[in-house]
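One structure, pasted below without further comment.
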Amino acid sequence: MILSPAERSYLYDSLSQKPPIRPGARSDHQFRPLEAKTSFLPNSNGSARIRLNDGSECMISVKSKVVVTKSVTNLIDVDIDVAGFRDDSNFVSNLKYNLTSLLITNFPSQYLKLTSKYSFKLFIDCIVISHSSYPLSLISLATYLALKTTRLPLLVSEVNDEEIEEQPTFSDDWDNAKYLDEAFEPPIFITLGVIGTNLLFDPSIEEEQVLENGLIVSFYKDNVITPISNINLATNSNNSNFKGLNQKLIIESINLCNKYCPAIIKALNTLTEQDDEGDDDHIF
Amino acid sequence: MDRRRLLGPLNTIIPNIGISSNPNDIKPDTTIDNDEVSANQIQNFFLKTGIIENANGSAYLEVGNSIIEVSVFGPRPIRGSFVDRASFSVECKFLPYITQPGEQIYNTTNQFNNGNSNTNANGRTGLTTIEQRISAYVETALLPSIILEKYPKSTFDIFITIISTEEGVNNNDEDDDNSAPNEQLLRLTNWIVNCSSVALVDASVELKDIVTSGIVKTTSDGKVIFDPRSQGNEEEEQEEGSVIGVASFMNLRNDELVGIWIERQGAINVGDTEMNNILDGCNEMSKKIRANINTYLANSLE
Amino acid sequence: MDVTEVINITKPSRSRGYEDEDDDSDIEMLGNNHNDGEFTNNNSSIVTPGELITEDPIWMKGHGTYFIEDKTYSSVAGNVSRVNRLLSVIPIRGRYQPETGDHIVGRITEVGNKRWKVDIGAKQDAVLMLGSVNLPGGILRRKSETDELQMRNFLKEGDLLNAEVQTIFNNGIASLHTRSLKYGKLRNGMFLKVPSSLIIKSKNHAFDLPGNISCVLGVNGYIWLYKTNLNNQNNNTTNINIHNNGASPAITRLEEESSWEIYSDKNDSNITNAIRSNITRYYNIIKALSFCELGITEPRIIMGYESSLSYMNVGSLIDKDSMETICQEIINNEKMRG
């Protein structure tokens, strides 16, 4: 997206105020409203769909497979497909790297362990149907919802199969399928925009054009964790405001995330509980 | 005279083969001390510029067992639509025989590419996921330093080639923690940024400042290690947890932070103290490297 | 700390139907009032492609129709419109279709040979000829060779301007002009886009709103909200020149027209935070109107503004519920005022 110099300088001046005056009048820690739905793909163990008001939309599917634990390097496989981008483009590749890195470092593999020899391997597929701003945060929130509502078949054979040769067997009744873990809260990514000494949560595409820098921070189990990195959010355009940031801002971003991310987790959990109760057919 | 062999004409000259072409004679550099004092010093590195003739600028860096070469092409004209500032791209490639850090996890292969993670479904080769990640970091870090407005309708291209890396940490045992390759990856990225900045200077591109980078590891007991090298006592640190961060700065412009990438191993929280330690440590290392680069550049101009 | 202060995640639901189901036809009635009674018969039945509309050969066949011998069929899905002797079908959904005289907002996409290409949200970019703009001093117009670079000093890629559609070429491309002080480069404000079908064509598309804000509602759905320019008040058609910051009064309109100021990229230095907040308030109102698919008109925007004043936190207007509430209030207000 391209802005005129007058628009840029107006937006930049507005966002540099204390407190920042954002186009939608959001506060500096306010996300845009989201619509989400889970468990609607009949052939997947878990699924989620999340949508923003401007039409940005992302869908996640989680499927599983029983594998011999020793024969695989990692138990989670992530694939991302963004409409309009090649799969080998830098944009998609980095989204995939970030999400893989986040989940691999912060996923307790005991949730997937079946027996001493076998485990479940999860295949997380993500489609970004349409996006305006940088979609990493959207993808990670949808992944949270999908993983939280993923149900895996119940194991009925022996857990300790050191001596046994047979493969694990599962209950045929899908109602017996259980969630990964009741207390499990998957990690998420938060995108922050840096402008002057202001930090903005969830920058929109117009804001991204005038930001001085962007930060990606991860959050898990009520704490900020790694990976943490910075990024030029205005992909596909020449952002002339891009510059370095002050070390103190990084510390401040961690504090802000520690303060506000629990609310995000809570909102996500509330949605999964609501989805549990009613099973209306709307996914639109 | 050996009648069984075909000898060349009378005035043949036999070339000088290297001192030892026996691979068994080449041993990795084990002069890195293991004791505390020198473990906290930055490794010695070798730097040379201007080695690639047809590039506008180039730099070659050797540190430990890592060898990195960077070529800069630009400013090159862009035909077509008018842009009022230069565009800038970075491409990082490992030579084919090198195992990329974290390869097993990130460079996935699928049914289309015959086990070669570079090839996509069309049979074309591109960058692997790890190469893309490094390219993104270098681009983000160097972008604020180039005065792009002075080069309208042009483009700069940076090509990074990794010729050799440290011996990787093998991850065949099934521990929960698959993130040990992070340390090697971040360390490599650190030196790549330093080398790329020097290549830009060699190309006479107008820069606001030279970007230098530092890498630091903090352990759960508060130790801060500069330029961490894998010492073989990985397991201890992994259980307790350590945070590794690479941060790049424009030190002469008020230590403006242009790139940051933090990963961790093991279970450790990333709080204010760890972040401050890492950022301060990286800043200090970055300044030292900058001093070294300045000396090199001053000497090379004489 | 309230969770909704940070984020609001809801389940998807159909937007509630309004008590008044005739909203869409409301829009057409308003359209009628503004076009001085040209309508004879306004049968707005919906037809689909291929449906036979009439067998009467006397009708002229307009857009959205095709004919085989005497029979006229619809070629799009939309409302049938009969105006005097012209029979056409207006599609329900579709890109903006430029018409002569439309006041639009556009963004420069290309600088070409003696012309600019402008994105107006139509099927094709419009053109703005070099001869259709006011040039400072008129110098360049006398020169026969005009550099691309010199054109860029006035309007370059990305610039926003408001203009009027002068003509439409045979291939459907609109040609614009900015030969009036009320047209030209836009500054001191913010841009937003709404579907073009929500903008009703009227005599005036630029007006002043309470709170020192002015607005340009392009017929193409591109909208510009900005700080009111004291010299050039839209609703005030007198030519009295007001002192500007204590400097000597602007001399004549001719001089104003040919000054370099009209192509400046610099915003005013005195845009206060209050004005910025008001602009975001109007931004959210218009977004709410667009979300609930109500036609966007000046009275509705002002009504929305007044309803929104009861919300302490302007940022809470972005939630779905708040948007629907505001729109319901606007409709109720309209009904009360008759």
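As written, the chains take the letters A, B and C, and residue 1 is the first residue of each chain.
FYI, a contact is a pair of C-beta atoms (placed from the backbone, for glycine too) under 8 Å apart; a residue touches a chain by one contact, two chains touch by 3 or more.
Everything numeric here is computed off the predicted structure, so don't read it as measured data.
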May I ask you to sort the chain touch graph into line, ring, star, complete or other? complete
Would you mind telling me which chain pair, B-C or A-B, is linked by more contacting C-beta pairs? A-B
Going by the average position of its CA atoms, which chain sits the greatest distance from chain B? C
When the C-alpha atoms of chain A and chain C are each averaged to a single point, how far apart are the two points in Å? 37
Please compute the C-alpha centroid of chain B, do the same for chain C, then give the distance between them in whole Å. 52
Based only on mean CA positions, could you tell me how far chain A sits from chain B in angstrom? 29
What residues in chain B touch two or more of the other chains? 84
Chain C: which residues touch two or more other chains? 157
Find every residue in chain A that makes contact with two or more other chains and list them. none
Please name which positions on chain B make contact with chain C in the complex. 81-82, 84
In the complex formed with chain C, which residues of chain A make contact? 2-7, 9-11, 13-14, 17, 21-27, 29-37, 51, 53, 201, 259-260, 263-264, 266-268, 270-271, 274-275, 280, 282-284
Okay, in this complex, where on chain C does chain A touch? 1-14, 107, 157-160, 185-191, 265-267, 271, 273, 276-277, 280-281, 283-284, 287, 291, 313-315, 317-320
Residues of chain A touching chain B in the complex: 69-70, 73-74, 77, 86-88, 90, 93-94, 96-97, 100-101, 104-105, 108-109, 215, 223-232, 238, 240, 242-247, 250-251, 254-255
Which of the residues in chain B end up touching chain A in this complex? 83-85, 87, 104-106, 108, 120-121, 126-127, 129-130, 132-133, 135-137, 139-140, 143-144, 148-149, 171, 174, 176-179, 243, 249-250, 253, 255-264, 269-272, 275-276, 279-280, 283
